[in-house]
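Provided herewith is a single structure, encoded as structure tokens, for subsequent inquiry.
For clarity, chains are labelled A, B, C, D and E in written order, and residue numbers in each chain start from 1.
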Amino acid sequence: MTAAAVLPAKKEHRLTDLGFWAEWAAAVGLVLLVVVFQILNPTFLSSGNIASMLVAAAILVILAVGQTFVVATGGIDLSVASVMTLGAVVFGQAYTMGWGLIGSCLGAVVAGSLAGLANGLIIAKGRITDFIVTLGMLSAASGAALILADGKPVTIVDTFLLKLATGGIGIFGWPVIIAIVIAVAAHGLLFWTRFGTHVLATGGSAEAATATGISTGRVKIAVYTIAGLLAGVGAILLIARVGAAEPASNTSFLLNSVAAVVLGGVSLLGGRATILGPVIGALLLTALTNGLTLLGVSQFYQPLAVGLVVVLAALLTRFQK
Amino acid sequence: MTAAAVLPAKKEHRLTDLGFWAEWAAAVGLVLLVVVFQILNPTFLSSGNIASMLVAAAILVILAVGQTFVVATGGIDLSVASVMTLGAVVFGQAYTMGWGLIGSCLGAVVAGSLAGLANGLIIAKGRITDFIVTLGMLSAASGAALILADGKPVTIVDTFLLKLATGGIGIFGWPVIIAIVIAVAAHGLLFWTRFGTHVLATGGSAEAATATGISTGRVKIAVYTIAGLLAGVGAILLIARVGAAEPASNTSFLLNSVAAVVLGGVSLLGGRATILGPVIGALLLTALTNGLTLLGVSQFYQPLAVGLVVVLAALLTRFQK
Amino acid sequence: DEGTTAGGDAKVAAVIKGLDNPFFQSMEAGINDQAKTSGTTVTVQAANSISDTTGQADKLTGLAGQDFGCYIVNPISGTNLIQGIAQLAAQKKTIVNIDSPVDAEAAKAANATPATYIGTNNVSAGQKAGEQMLTLLPGGGKVAAIGGTAGDVTSGARVEGFTTAVTGKLELVQTVAANWERQEALTQATNILRAQPDLAGFFVANDDMGLGVARAVATAGKTGQVKVISVDGIKDALEAVKAGQVDAVVAQYPYAIGQMGMEACQAAAKGATLPASVEAPVEVVTKENADKALAATPKPFGEYADPFTSLIG
Amino acid sequence: MINVDSVSLSFGSVRALVDVSLTINKGEITALVGDNGAGKSTLVRCISGIHRPQSGTISLDGEPLHFKNPEEAREAGIETVHQNLALVEDLTVWQNLFLNRELVHRIGPFAVLDKRGMQRQAKEMVSTLAVNVPAVRNRVRRLSGGQRQAVAICRAASFSSRLVIMDEPTAALGVQETARVEELILRLRDEGHAVLLISHNFAQVMRLSNQVWVMRAGRCVGGRRTEATSGEEIVALITGAKNG
Amino acid sequence: MINVDSVSLSFGSVRALVDVSLTINKGEITALVGDNGAGKSTLVRCISGIHRPQSGTISLDGEPLHFKNPEEAREAGIETVHQNLALVEDLTVWQNLFLNRELVHRIGPFAVLDKRGMQRQAKEMVSTLAVNVPAVRNRVRRLSGGQRQAVAICRAASFSSRLVIMDEPTAALGVQETARVEELILRLRDEGHAVLLISHNFAQVMRLSNQVWVMRAGRCVGGRRTEATSGEEIVALITGAKNG
């Protein structure tokens, strides 16, 4: 395009661009949802409720950030939720074996990272579809968790963890602050480092990335390890939240983490991503259940309402046309 | 390639081609699995056990066939399992309201097809990612099922359904025969009609398909409707099998249906598909749980074993290199 | 410990387990019916499914910020609701724990002991089923157990109770997980029947799966020959007992539990001191008393002690 | 025959087409030339129904066209060889050639693909153009750049149509293949079709076309009868050294 | 400098390369010509580490090369403009130009992308080649065919390398852009790089190259010094009318 063919206003350009809006579906949806819920029930935006919503969203945010890296390479990690379960069980076993808090936390993170690394290695070296490998890991990690824990939950009473779960700065609980730090770091990693560019290139066109000498295998291994590591961090927050390390799988986190990513405007085909989008997607999903509960919507109607809102949030962007 | 540059043997060509083996991972895995289980427990290949395995696999086969059409266009249907639940509940309500067997069956199939149609319309007209729309439908359909059924199962005592569930020809129960008929019809539809070619073209390159004048929107609507319709058929078999229409979510069918498709060598990117592959994938998954239970593998070790076998089945093809 | 609000505000919130299971629907009905007869308002929320621990926790924290006077909680695990409960305790709200107990140690750490606990111990329900199995199989034999989701607390407790009761007398050959799904239970039971041709009985962790197992037994032509015992007491299962498809059901009466939970809130609102723990009724329903049980359902057919009736006068 | 009347189209802030007007005549080869990014392919996509102009009209034999999608354009008799080829890589050569034009047997109520027939015809079609003829049962993914181009051209030329648009058809082709495609283009003209040819190869444009339109930065800056112009003049129009 | 010695490669039954031997010299432009599907791009992919030959060796300055992947080829100083372009469509122009060559600031232990610097340099690089210069912050998906080609050429030419391979670099380019690319190729030669040029444009080959190799159906059927041959002889070699 020559200079003559370019309209001058740069700002206008972004706001009239459909792609821009499509990427921010989640944000628009979140704002609308908040307005509706606040009108219907004024306690929705009370500081207490905002604080508890944020805490409730923290784990999902962290998992969604990990999932974003994987999805940016064009993959999908179906095992995040059960790797988190595995991390939690490892934490529980370590704690009862007297490794102490720090040792147990390390245990959880290392277990998560190793599971992620295994995913990445099998996908990169074995050249098997992400879907099948992580589906296998979903099963294998929950099996390993069951075996380790012998099927029984371990109650963990630790004052530090309890403070972690309930304390914070202002309306931001500690889990929220941890999630924010992780999201900011992830944004930096994705958009301000060579590694991040290579992640996007791998997702955009593995062929082209390979041709420029990027080792897409190594990139894949790295993103799955990141997803596993973050699942391990999620496990620690989960234990702080529910006060126990349980071997039962948290299936809802799986679909919700992918939903947050997609609602956040990240294409499952890979190559384009944001971190803010999935974070807002996670907040949207959390606000949705919170609001429906506050409004006292009957249990039977909640799934229907969730389904409709999710589709509407995605449809929203289309009206911008 | 000129005539001179082509090796003569056509057969050899297929068997030394890596792509060929990658497509048949499930078959190789199934054969190995059968051999191993048979050695460990000779009742595995008893005609009785084969018959009950086949019946147990029938619903999954039908769902996997529907999923294959969707995946061939590059989409994914996360709602198959809950649409099946919805179909079952509609059947139950119709039956108690005295619509009779045929009316109720029609009700289930129509409900499934409508849910699929809704998926397709929103995806094609609203241009929203398949993942989000069908995730919304997953939630919405199970919500609708809960509301319709008021959360309660309806016991259905019908001699015809009972015969359907238990009778058959030789080792092939009626559900198996229905599944075979559906698979054969699906194969014909996919590979011997214009529609099938258009499905593959849509998945291969929506841009190119559009440029040749194929309405990819209509193709998408059609495949989701097919998936919904088959979920409705699955609902009927499910009712015949358990003797009740329940609003409970059948989550395991969702991941298993996609796993069967991917194990069957169908790429989630779309554009290439077989019907036989997913059918074998479904059989593999069913044989796996059957065999593990026959061997008396502990419930804690089963998920681990399933995970490992799924990944190994996929890895298998790599050794062919 | 009383922990009531001074004004006697009886607005009640309840957080129970997944409503996709008739057991908890019956519990909800008990809560709602009692609220209606006494003219109290109640909001009932349930987890999305029986394994949705964090979702349930989110629901309780969502309700905790509102102006309810009394909270009825039925936690999925011993500790998953502990944060919300701590929040409630800090606000001096009444907490009534029903069905599954809140972990005592965790409650103490959170400075939040529920005002009362009403429920049946799942271990003892499993035990009752085990004892019934022993009377059904006086000559011993092989039995198998079908549990819910692997690692699930309720399922684990019921199977554990059953196991302790039959150890040494019956041979428990296999325990499988069927994800609380009837279809899955049917498939697994079929497989087990194949692997163990001389199996004499199934213990099933809930009724819905129990009906699937009964179907598998019937398909194999072994009804009556292979005993089926399940836990819960939903109506369909009682009918199946009557019809002879299921041999016995250990009924836990969630309706009565819900009703008593609501009564406890009313009593607390009146300023009464609540008993620390109330045993809810459990009955073993067999073919002999199935008619009586069906007639009374969702209430227990026998007598049971309800200490709250006197408290709310 | 085809009249493009002050068509404009912008992508966000990029004005790809600005008030473009030109005509394409029956039985003639019309060339469209211009620098990279001048807007040629975008104009082609407007005529073949992929984009819809934001203003202006395109009319066929005096009737304004309002294609909602490429299917309608194909039905109106407009076949296009797109620059990005628009082949489905995972389908075979014959499937691509007959895409959305499949031959079928009628068996009772069913229309079953006539695979044999299509393969036979596909072989004939391809062998007229390509030198290293690819097996028609190969997937397009495996073809070389020029083989793909040949397949795309075959597809556009093989179905009766009123206007054949070729966006840089010989860019990837070898000498022999180029010669065959030029023959094909001349044959299409002789059969009375209109041909719109986009090419950066001047020699080719001067050799084949009857009429040349020049685009520069989204505008159509001039049109000439080929016999009345020279390579130099066209280059001057393209670079802006001379104005229409 | 580069010696290709009886390299063969088959895809299933397609023998894309059969005993190909040729040499590429430093400070010279070597042309590789042949029909569509003759195997030119496949040979390029062997030299740049994408495919590994099934037999035969490729050596650089007498040392045999065993690239496991394109990264090693790039490290050895071999830059390639592939025929299928190998751009990441979802990344911007400047990101593509600096892909796997990103400039970074060091801030303590972190290496942070120098986005400004890369954008500035990218602008300069692109403006030397393209006429309708695309904004470097545009995603490649939005560029016209020729603009993409220009970006791919810029990338290969901008990093110090010993051998620059260009697979039909000017196929999609306009007159002005073609002229600039030809200038660039000559400049690369004058700077002492070796250039391997694949082109179907004979005039160009005769104008630029010092040496021509001809491929036919997977075989290298002959090589000539450009000054000692004519367009006719090359065509005869390509079509098989004459043998090497």
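Just so it is clear, a contact is a pair of C-beta atoms (placed from the backbone, for glycine too) under 8 Å apart; a residue touches a chain by one contact, two chains touch by 3 or more.
In UniProt terms, the chains line up like this: A, B = Monosaccharide ABC transporter membrane protein (CUT2 family); D, E = D-xylose transport system ATP-binding protein.
Remember, predicted model here, so these are calculated numbers, not experimental data.
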item: Identity of the chain that, by mean CA position, is farthest from chain B; value: E
item: Label of the chain whose CA centroid is most distant from the centroid of chain A; value: D
item: Chain A and chain C: spacing of chain centres that average the CA atoms, whole Å; value: 34
item: Length of the line joining the C-alpha centres of chain A and chain D, rounded to whole Å; value: 46
item: Gap in Å, rounded to a whole number, between the CA centres of chain B and chain A; value: 29
item: Distance between the centres, which are taken as Cα means, of chain E and chain A, whole angstrom; value: 42
item: Chain A, residues touching no fewer than two other chains; value: 1-2, 5-6, 142, 146, 151, 251, 299-300, 302-303
item: Residues within chain C bordering two or more other chains; value: 19, 49, 150
item: Contacts with 2+ other chains: residues of chain D; value: 14, 37, 84, 132, 134, 217
item: Chain D residues within the chain E interface of the complex; value: 11, 14, 34-38, 41, 83-84, 130-132, 134, 142-147, 149-150, 168, 171-178, 200, 202, 217, 235, 238-239
item: Contact footprint of chain B on chain D as seen in their complex; value: 48, 50, 69-75, 80, 82, 84-91, 95, 99-102, 104, 110-113, 115, 132-135, 155
item: Chain C-touching residues of chain B, taken from the complex the two chains share; value: 41, 43, 46, 48-49, 52, 56, 59, 146, 151-153, 155, 165-166, 238, 241-244, 246-252, 289-290, 293-296, 298-300, 302-303
item: In the complex with chain D, residue positions of chain B that touch it; value: 1-2, 5-6, 188, 191-194, 196-198, 200-201, 203-205, 207-215, 271-272
item: Interfacial residue positions of chain C with respect to chain B in the complex; value: 19-22, 25, 49, 147, 150, 173-177, 179-184, 186-188, 190-192, 194-195, 208, 211-212, 215, 219, 236, 239
